[in-house]
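If you scroll down you'll find the structure; I have some questions about it.
Note that the chains take the letters A, B, C and D in the order they are written out, and that residue 1 is the start of every chain.
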Amino acid sequence: MKNVALFGAGRIGRIHAANLAALSGVKLKTISDPMPGAARELAAALGAEVAPSIDAVFADTSIDAVVIASPTTTHSDLITRAAQARKHIFCEKPVDLSVARAQACAQAVAAAGVACMIGFQRRFDPSFNEAKTRLARGDIGTPEMLVITSRDPGAPPVDYIKQSGGIFRDMLIHDFDVFRWILDDDAVWLSATGACLTDPAIAEAGDIDSAAVTIRTRRGRLCQINTSRRAAYGYDQRFEVLGSKGLLACGNQRPTEVVQADAAGTRTDNPEHFFLQRYREAYRLEVTHFFEQLQSGGAFRTTVADGVAAQRLADAAAQSLATGQPVSLT
Amino acid sequence: MKNVALFGAGRIGRIHAANLAALSGVKLKTISDPMPGAARELAAALGAEVAPSIDAVFADTSIDAVVIASPTTTHSDLITRAAQARKHIFCEKPVDLSVARAQACAQAVAAAGVACMIGFQRRFDPSFNEAKTRLARGDIGTPEMLVITSRDPGAPPVDYIKQSGGIFRDMLIHDFDVFRWILDDDAVWLSATGACLTDPAIAEAGDIDSAAVTIRTRRGRLCQINTSRRAAYGYDQRFEVLGSKGLLACGNQRPTEVVQADAAGTRTDNPEHFFLQRYREAYRLEVTHFFEQLQSGGAFRTTVADGVAAQRLADAAAQSLATGQPVSLT
Amino acid sequence: MKNVALFGAGRIGRIHAANLAALSGVKLKTISDPMPGAARELAAALGAEVAPSIDAVFADTSIDAVVIASPTTTHSDLITRAAQARKHIFCEKPVDLSVARAQACAQAVAAAGVACMIGFQRRFDPSFNEAKTRLARGDIGTPEMLVITSRDPGAPPVDYIKQSGGIFRDMLIHDFDVFRWILDDDAVWLSATGACLTDPAIAEAGDIDSAAVTIRTRRGRLCQINTSRRAAYGYDQRFEVLGSKGLLACGNQRPTEVVQADAAGTRTDNPEHFFLQRYREAYRLEVTHFFEQLQSGGAFRTTVADGVAAQRLADAAAQSLATGQPVSLT
Amino acid sequence: MKNVALFGAGRIGRIHAANLAALSGVKLKTISDPMPGAARELAAALGAEVAPSIDAVFADTSIDAVVIASPTTTHSDLITRAAQARKHIFCEKPVDLSVARAQACAQAVAAAGVACMIGFQRRFDPSFNEAKTRLARGDIGTPEMLVITSRDPGAPPVDYIKQSGGIFRDMLIHDFDVFRWILDDDAVWLSATGACLTDPAIAEAGDIDSAAVTIRTRRGRLCQINTSRRAAYGYDQRFEVLGSKGLLACGNQRPTEVVQADAAGTRTDNPEHFFLQRYREAYRLEVTHFFEQLQSGGAFRTTVADGVAAQRLADAAAQSLATGQPVSLT
C-alpha cells in the first residue's frame, strides 16, 4: 500500500483525488489546499485527512508519494521539496513557466533518485494512445507530417490569462508534448504567429487567443498546430499523422452516439464539453500508470525532461511570435 | 447507508459488485455464490463478506436490499424470498422464463410492498436514453416505426443455449423491453420467423440463431427487430425511430475514435466487443438509479411489470415461430 | 447507330431522354406523349422528332429500340406491340400491376426474340452495385440477413395513390427486386403488415403509408423491409447485408460533404432529396448497360422475369396485409 | 450559339472538351494540339474539327471564345493573342509561372475588353462552394482560421516536377486561391517550410514534396496549409474554417457509400482517386459558369487578377522556403 499526499483540492485536484481513491494498493492519506474548506470537503468525501501543513506532509515518513495539483507557481517548489524528502512525485503540467526553474527541478529529482512523472494526460487518451501504438508498430509507415487541432470551448477569465504565461505556455504546452511524443523527433525550426480575435481584453492582457505554429524536425518531418481559445461547438482535440503508407486521425469523443435527422439536417452530438469530460479516462489511466510503474520499476511515459522540453518549445513559440521570425532549436 | 447482499459472483455479478463498491451511501455487505472460491475472491477484493448461507442473508435484518445476479432459474425464488423478508430487490433480467412465475413474483413484491427493479440495462445506455429523452420531448414528432438491430459477436456454448429458453427469451427479451420503452405503446400483433444459419448444433438443440420479428401496436406503429447470434465485426446494438418530423438513430460505441486510411480503405474501430464493454456505463447507471430512487422514493425506470411484459412478447415470438402464424396480443 | 423511340415525356421520360442524347452510338429519334407540348419541348431540346403516332413508331423500320417511360397502365400494351414489331425494349418498372399480364408480356417478348430490360435502376446505383460485387466475391462470406430501409420524402397526391396499385406494387416493388438481386435466393414465406400514419386520406383511398415486410428464403435467409411514404429528412434508401464474415451497409448519398459544427451540434447534409437526384447516376448507367448489352449480346442485368418475380412478391405482400396471415410462396 | 476553340487535347483538355460538347448554346468548333493524333481523335469523338493552325484559330472570326488547356508555358502567349483577337478566354491555371508575365496578361485582357476566366475549379466544387455560401451568409459568424489539407495520391514523374515551377507554383497555387476566396482577405505575412520525404529524386530536382505554409491576413486571420505529393489513401482535399460561431469542414467525396464491417474493422471507401474524379463536377460547373456569365454579362467567379494574386503567394512561399524567413506582403 502506497500512502499518497495530494496538494490542491481544486478542479483538477478533485479529479486526481477520486482516481486515487479508487486505485487498489494506493491510500490517499492527506490533502492540502490553501482553502481549508475545499481540502476538508474533499477529504471527508474520500476518507482522507486534511494535512496539518505542507511541512508536515514532507516530514511524514509514511507518505510514499505526492500528487501535485496546486497552482502552477507552486510546482517547482513542491517538486524540489518532495525530492529532498525522498517522495515520489506526480506533478500536473507544467513543471514551471521558466525553463531554468524546470531544469532545476529535473536536477533535484535526479539527485534524489525519486520518480517524477508529469501529468501530460493526453498521452493516456485512449484514441491518442492507440494512434501512437499503431504508429510505433509501423501501421502507416514512416511519419511525415502531423497536424494538431487544439481548441478550447471558450476563453478563461482575463485574470487567469494574465498569469497563465501566455497561450503557448498555458494551452499549447500540451500540443508541444503531443508533437514530441507522436513524431518522436526533435524540433530544429519553429515558427509561430497568432492574433487576438475573440476578445480585445485578451490583447490588452498582452496575449493572443488564436495561434498557428509550424515545426520542422531534425529528420525533416513537419508539424502544424492550430489553436483557438474559442470553439463554439465544444472542446476540439484532434490530430492527424500522415505517414508513408497512410493516415492516422484521432477524432473527438461525443457524449452519445445519437444521430438525429430532420428537416434541418443530420446531426450528431458535439465533442465532449471540455477537458474534464474529454480526458476523464486519460486522467484515470495516467495516475494508474504512475503507481503501476512505481510498483514495477518500469519507465514512466512522461518525465520531467519531457516537461522541460515542452517548455522550451513554448518559449520558442513565444519568441517567434514576438519577433515575427522563426526560431532555430538545437 | 444501505447494506446490500449480492447473489451471484459470476460475470455479471462482478460488474454489479464493482459498481456497488463505488457507490456512496451503499455498503456491499455479503456475497453469495455456489462456487465458494468465486464469492471469496470477489468479497476479498471489495472488502465484503462471504454470506454464510442464503438463509442467513434473508435472516440478516441489517440487509436493506439484495442484488440478484445469479442464474435465471434462481431469480423467481430469490425475488419471492427477498420480498417476504422485506428487502428491496434489484434483479437481473429476466424475472423468469415462465410468464406465470414472473407474474407470481410481481404479486409477491406487491404484497410485500418492497421495491423491485429489473436490470434492463439498455434503458440506461447513454445513447439509448438520450434518444428516449428526445423522443419524449417531441424532437422528431410522433414515433411511427422502430427498427432494432441486435447482434451478438458470437454464439454462446450450445449447453448454454439448451437451457436459455431460446433466442427470444434469452436475447430478444432486451429488444422487447426496448420496444416497449421507446414506443411507449402495446403490441397487438406479432410475427416472428427465423433460421439456424451459423451452427447446426444450435438447430439440434432446438433453437435458431437468426430471427426477424415484426410488431404492430395498438396505435398502428410498427417495429422490426433483426437478430443474429453472430456478427463477425462485434456486438451490434442499434436502433432507429422514424417519427413524423424526423429520425433518431442510436449507433454503436467504439473503443477509440481513431480513423486509419491506407491503401486498403478508411477504417474506424469496430463496435465495443460485447455487452460488458458496451453497457459498462449502463450497468453503473442502473444500479445508481436503483439506490437513488430507493432514497428519494421516486419511480423505478424498470419494474417487475416490465419484466413480465417483455416475457409475454418473447413467448408470443416463440409461438409465432413454432406455428408460422402471427400472434394477436391484447 | 441505334435509332430509339421514347414513349413518355414526363419526369422519368425526360431523364431517360437526356441520357439517351448523351450516349454515343444511340440516336433518340422520336418522342411520343399524349401531351403534345411536352413531347415537342423535349424533342426540340434534344434534336429529336415528335412521333406522328404510336402506330407510326411501330411501323418505322428504322427504329431499333423503344424506351417506355409512359404511365404504368400502358406498359404491357407497349411491350407487346414493340415485341411484335421486333423492336428491343427498355421499359420502366413495373411491367404491369397484374402478374398475369406481366407474364403475358414475358411470353410475347420471348416469342419475338427481342431483348427486354426492366428499369430497376437501383441495381445500377454505384453503392448498391458495389455491395453486390463484394457479396458475390465473398467479401463477407455467406449472406444471412438483409435489412432494407426505403422511405420517400413525402407522399404523392392521393389521386396518384388511388391508381398506384398500393404501396407494395408502387414503392416496394423496387425493394422486392433488390431483395431478389442481393440475396440471390427465392422467397418461401412472406409476412407483411402496415398502417396509415401520415395522412388519413391515404387510408380512405384504401392504402397504407407505412409497411413492414419479412421474407424467409428457401435457404433460410431472412429479409426485413421497412417503408414509409414520409421521411422528413429526405429520401432514405439504404440496405445492410449481414454475412457469415461481416456486414455490408449501403448508406445514402448527400449533396455535399460539408460538416457544420456550432452550438446546435455537428451537422451533415441530409440525403439527396428524391429519386431523380439519388438515382441520377443509376438512370444513366442502366440505359448505357441496355445499349452495351444490345451491342455485345451480353445478358441484361434485369429481365422481364425479374419484373414478374417482383410483382409476385408485391401481390403476396398485399395479400398478407389483407388477411393478416403470412403467405407461402413456392 | 457560341463557337469555341480548344487548345490542348491532353488529360485536362479532354475533360473540358466533353463538358463543352454537352453544353447547350455552345459549339466546340476546333481543337488544337501539337500531337495531331490526339486532336484528331478527340475531334472525331465530339464532332469538332482539328484546327489547321493556331493562327487560323485566331483569324477565324466565327470563333467567340477559346479554352486554353495546353501546357503552362503556352498560357500567357495564348491569352495575349486571344485578347488581341478579341476572343473571350477560359484558361486553365496558372496564368503563368512568372508574376510579371501574368500581370502582362491581365493588362492585355483589360486593354482588349474581353472576358478572361482562370480555371480554379475548386471554387466550383459543390462542397467547397456550399461552405463559401454558408460563410458568406454568416452561418458560422466571422471567419478566424482556415486549415487546408491538400495531398496528391502520388508524385508525378521527376521530369514533370523539374519544369513545374516547384510545389508552391504547381500544387499550392490552388490552395492559395482557396485561401483568398474563402477568407476574402489579403495576406500580410507568410511563412513556408518543407522537406523532401517521399523520393530523393525530387530533392535532386531542386524541389520538395511536403510543405507547410502559414499565412496571417490584414485582419489578423490565420491560415495553415499542409501538403504532400503522396497520400497512400488517395487524393485528400479538405479544408476547415473556424468562425466565431462554429466550424465548417469540407470532407472528401468517396466513390460509393458502402461501409464494410468485418474482423478487420469498419471500412469506408477512400477518397476519389485524383483530381479528374474528385473535381469532375467542378470542371463541368466552371465551364458552364463561364458561358452563363458571358451570356448574362455577370461577373466571373475567378479572374486573371485572382490568378496573379495566387501566383504572388506562391512566389512568397518559395522565397520563404529558400530563405527560412517569413515574407511580408502588402
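The criterion applied here is as follows: contacts are C-beta pairs under 8 Å (C-beta built on N, C-alpha and C of every residue); 3 or more make two chains touch, one makes a residue touch a chain.
What you see is a predicted model; the values in this text were computed from it and never measured.
Novice: On the document's contact criterion, could you list the chains that touch subunit B and likewise touch subunit D?
Specialist: Under the touch definition, subunit B and subunit D have A, C as mutual neighbours.
Novice: So using the touch definition from the top, which pair is joined by more C-beta contacts, C-D or A-D?
Specialist: When the contacts at C-D and A-D are counted, A-D has more.
Novice: Roughly how far is subunit A from subunit D, going centre to centre by Cα mean, in whole Å?
Specialist: Once rounded, the distance between the two centres reads 42 Å.
Novice: In whole angstrom, how far does the Cα centroid of subunit A sit from the Cα centroid of subunit C?
Specialist: Using C-alpha averages as centres, the distance is 57 Å.
Novice: Give me the residue numbers in subunit C that touch at least two other chains, ranges are fine.
Specialist: 140, 232-233, 245-247, 260-263
Novice: Within the complex, which stretch of subunit A touches subunit C?
Specialist: 232-234, 260-270
Novice: Which subunit D residues qualify as touching subunit C in the complex?
Specialist: So the residues of subunit D in touch with subunit C come to 22, 24, 45, 126-127, 130-131, 134, 139-140, 245-253, 255-263.
Novice: Give the list of subunit C residues in touch with subunit B in this complex.
Specialist: Within the complex, subunit C touches subunit B at residues 140-142, 144-145, 147, 149, 151, 189, 191, 193-198, 210-212, 214, 216, 220-224, 226, 228, 230-233, 236, 240, 242-247, 324-326.
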